[in-house]
Amino acid sequence: MLYREAGDFKTSYRDDGQTFPIRLDRWAYYAALAVAFLIVPFIINDYWANAVFVPFLIYAIAALGLNILTGYAGQVSLGTGGFMAVGAYAVYKLMTSFPEINIVIHILLAGGITAIVGMLFGLPSLRIKGFYLAVATLAAQFFLVWLFNKVPWFYNYSASGQINAPERTILGFAVTGPATSAPAKYLICLVFAFALAWVARNLTRGMSGRKWMAIRDMDIAAEIIGVNPLTAKLSAFAVSSFFVGIAGALLFSVYLGAAEVGEAFGINKSFLVLFMIIIGGLGSIFGSFAGAAFMVLLPVLLKNLLVGGLGWPTDLAAHIELMIVGALIVFFLIAEPHGLARLWALTKEKLRLWPFPH
Amino acid sequence: MDQMFFAAEVLLNGLMTGVMYALVALGFVLIFKASGVFNYAQGVLALFAALTLVGIQQGQVPFAHMINAMFGTHIEHFGWTVPSVLAILLTGAVMVLLAFLIEKLVLQHLIGQAPIILFMATIGLAYFLEGLGDVMWGADIKNLDVGLPQGISETIETATAEWFGYGFFIDRLDIWATLIAALLVAALVGFAQYTKQGRAMRAVADDHQAALSVGISLRFIWVMVWSIAGFVALVAGVMWGTKSGVQFSLSLIALKALPVLMLGGFTSIPGAIVGGLVIGVGEKLFEFFVGPMIGGATENWFAYVLALLFLVFRPQGLFGERIIERV
Amino acid sequence: MNQQTEITADGRQIGGTLMEMKNITLRFGGVEAIKNISFDIREGEIRAIIGPNGAGKSSMLNVISGFYVPQEGEVWFKGQRRGPMKPYQVARLGIARTFQNIALFDGMTVLDNIMTGRLNRMRAGFLSQALWWGAAEREEIENRERVERVIDFLEIQNIRKTPVGRLPYGLKKRVELARALAAEPQILLLDEPMAGMNVEEKEDMSRFVLDVNDEFGTTIALIEHDMGVVMDLSDRVVVMDYGRKIGDGTPDEVRNNQEVIDAYLGVAHD
């Protein structure tokens, strides 16, 4: 009875265009933000930060980025891992070259650099479409990983070929390096995830988003009604890569601390993020978060259940995880191509009518 | 002079590798033509086939690892080995069963979906099959030997040494692989051209609706095509497996069939073959001439970048048909 | 060449030449889809292009909208020769169109679809859009008001937030018209606006076309199969057959043109 818009009239177009038109949704959103910002930082410990919250937030950013490109603009990319690597190596070079500058600026710059690289690899999208493009983005994936592996300048000629994040602080608190506390890791990722989700929402509800979706739904018609395909596609690649680059920068500097490119940013990473948006929901901001949560939690749960609970060996659990993930992808594509976000919307739709469904 | 012979040898080896790529690409083309599905799982299909073959041949108990974990037993083998020919036949049967299940459980439910959705479904399928293969047969690297000759061909080495004063090193396995692949392609083309099922398959490829209306069973054709693709995957799996062991990287090598397809066009069998050869030779020569200057291991990306550049200038591939856009 | 402004019998104003096609020839490979055709479109009129299947009508419309570039001939718009342009640049000149096979964006709501019609009038920078601050929000609301006027005009208020993919055919056609109208075009091109509609839907659509022309003074060029509709709606008609122009004039003139009767009307009325 509570969950409906009856009586919740909109008197201006501004109100009508807001993100959560239903009052209860708005409250739920503010409540979630309050918990995330004011409660979780005080109770979080290392296990929860490292196993769940920090990877969830970082992958949510990457999923948002890929969702802008694939879900909104309709350009499938299998190069996410490679672009995350660009963000990671960019932030590494910036951190070590300009230690006096704040890490937040480095992370944003790393996103900017990735955006430029993304646009470069997005250029072929003007000529080729669909899975031709998907395979073309594999070129970005393999080439970038190879580049960071083979050119020693990128890893500052370190003997191991690895990159290691030095300690950097914000307001006196370490956010990178081994001394970082769990709340600090969590908070910096939370701030980035929150701000970027807000930007993604703004872009997708405005004219840029409409241009992207027009290209996605019918590119020829979009061009005839006045969408410039060049700027629409390249802006999608740029924004998407900006997000993915920041995710890569955070993954390396805040979460992993040390990374070897082939292992941390291989093709499997590309698929992981793609699965997140399929399961979460293509073309949905909420879906990017839901999908990231799902794909981060699944291995944790399986590990606890199979290894912790039943005492099975970890490699077996890993293989079973592959099967479950694969089966779930197929299942979601068959049952609900719009993913968790649509399931959630349908539930709300039902709730709105409850208890009088007719 | 030696440098030139060396390059020629690299070129020959590239051709042999290209044959392997073409073999996997062939599986893609078959499925794409008959069902419009871009089957990302083709590479994993080859891995799965090779794993199954080794498992049957060596008498492994399927799911042994899981059974042991569940019941605390220590079973591994049935204690027998199966002759290669029989094992290959049995694996073929498994691949047909798999094709049937894929059609029944996946494809049937995705009829009419956008191609890109189907593509992503096959990525899911690839993950599932990879996990299944590992759970069934274990993830350790296995040796595959079905009695194909291996090692450097001495006949060729001495003969070429006599003719050119330079002995070419060529693996006998590569020669056999080329022969078998050529036979397989010939058989497939013959099948498509001259049998009733082959004609039906081409009809489906042309137009699903029209094929249905003249009484062709789509389901039967799809199961058949996936079975053939499974069989092609088996052959590719045997070749690659014999050469470098059965392991996960096999499915990654098979990924290279994707740029091969982009070069050759998704619907063209000759395209798959020529594309495979171009990429096989191209990446070996590039690695030979340019690789040392820029750090090597260029095979990782050369094929993809080549395909990408190529596509920008000719989006329909070497043999694909030109697409006319309309509104 | 510049005609005097006329007032039609029903009180509408028809001005000078707005667009002129001069000796257009379009080929696909060896096939000539359009053979050396010239005609003009005057400001404020409803101009129809008719002809049997395969006469080249749609190709002609695609030439006007810039999707096809003719091998020969010139397109003049507002007294200037239009050089080779991309379709989206043509749209910016103020030429909007609908499509024979409905080209709406299925994944978006009706409102968003119509809003895309305004995209050439929104100039907010990327940063402003990203932060939803200043120009972006202001523009969004201003343009929403314009779009709401179109929505009222076409009587589709109740489906504003419905995804287009769920709408029935007739409504889709109307939404497509709304999207084109939202652009406030100089010329509105309609590609078989009544194809596949029942009588009632056709009547609605005819009324909308006339109202658009009447209220906004929009110049309209349309292709249509339904002869009755064309003759009632349009001020002047071009008749095409096998890529050639075989008649041009008022509906009455065309109706009495012997070549037109032979080629088209006689056949169509069988």
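A, B and C are the chain letters, set down in written order, and residue numbers restart from 1 in every chain.
We take it that a residue touches a chain if its C-beta (ideal position, glycine included) is under 8 Å from a C-beta of that chain, and two chains touch if they have at least 3 such contacts.
These are the chains along with the protein names UniProt gives them: A = Branched-chain amino acid ABC transporter permease; C = ABC transporter ATP-binding protein.
Given the structure is predicted, the values throughout are model-derived calculations rather than measurements.
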Most extensive contact between chains (C-beta pair count): A-B
Relative to chain C, chain with the most remote C-alpha centre: B
Separation of chain B from chain C, taking each centre as the mean of its C-alpha atoms, in whole Å: 51
Chain A-chain B separation of Cα centroids, rounded to whole Å: 33
Distance from the mean Cα position of chain C to that of chain A, given in whole angstrom: 42
Overlap residues in chain C, where contacts from two or more other chains coincide: 67, 99, 103
Chain B residues counted as touching two or more neighbouring chains: 327
Contacts with two or more other chains, residues of chain A listed in rising order: 220-221, 224
Parts of chain A lying in touch with chain C, wherever the complex brings them together: 12-14, 17, 199, 202-203, 205-208, 210-211, 213-214, 216-218, 220-229, 235, 283
Partner chain A, residues of chain C touching it in the complex: 65-67, 86-88, 90-92, 96-97, 99, 103-108, 112, 115-120, 122, 124, 126, 129-132, 136-137, 139-141, 144-145, 148, 179-180, 183
Contacting residues of chain B [partner chain A, same complex]: 38, 65-66, 69-70, 106, 109-110, 113, 115-117, 119-121, 123-132, 134-135, 139, 252, 255, 258-259, 261-262, 294-298, 300-301, 304-305, 307-308, 311-312, 315, 325, 327
Of all residues in chain A, those that touch chain B in their complex: 76, 123-124, 127-128, 130-132, 134-136, 138-139, 141-143, 145-146, 149-151, 220-221, 224, 267, 271, 274-275, 278, 310-313, 315-316, 319-330, 333-334, 337
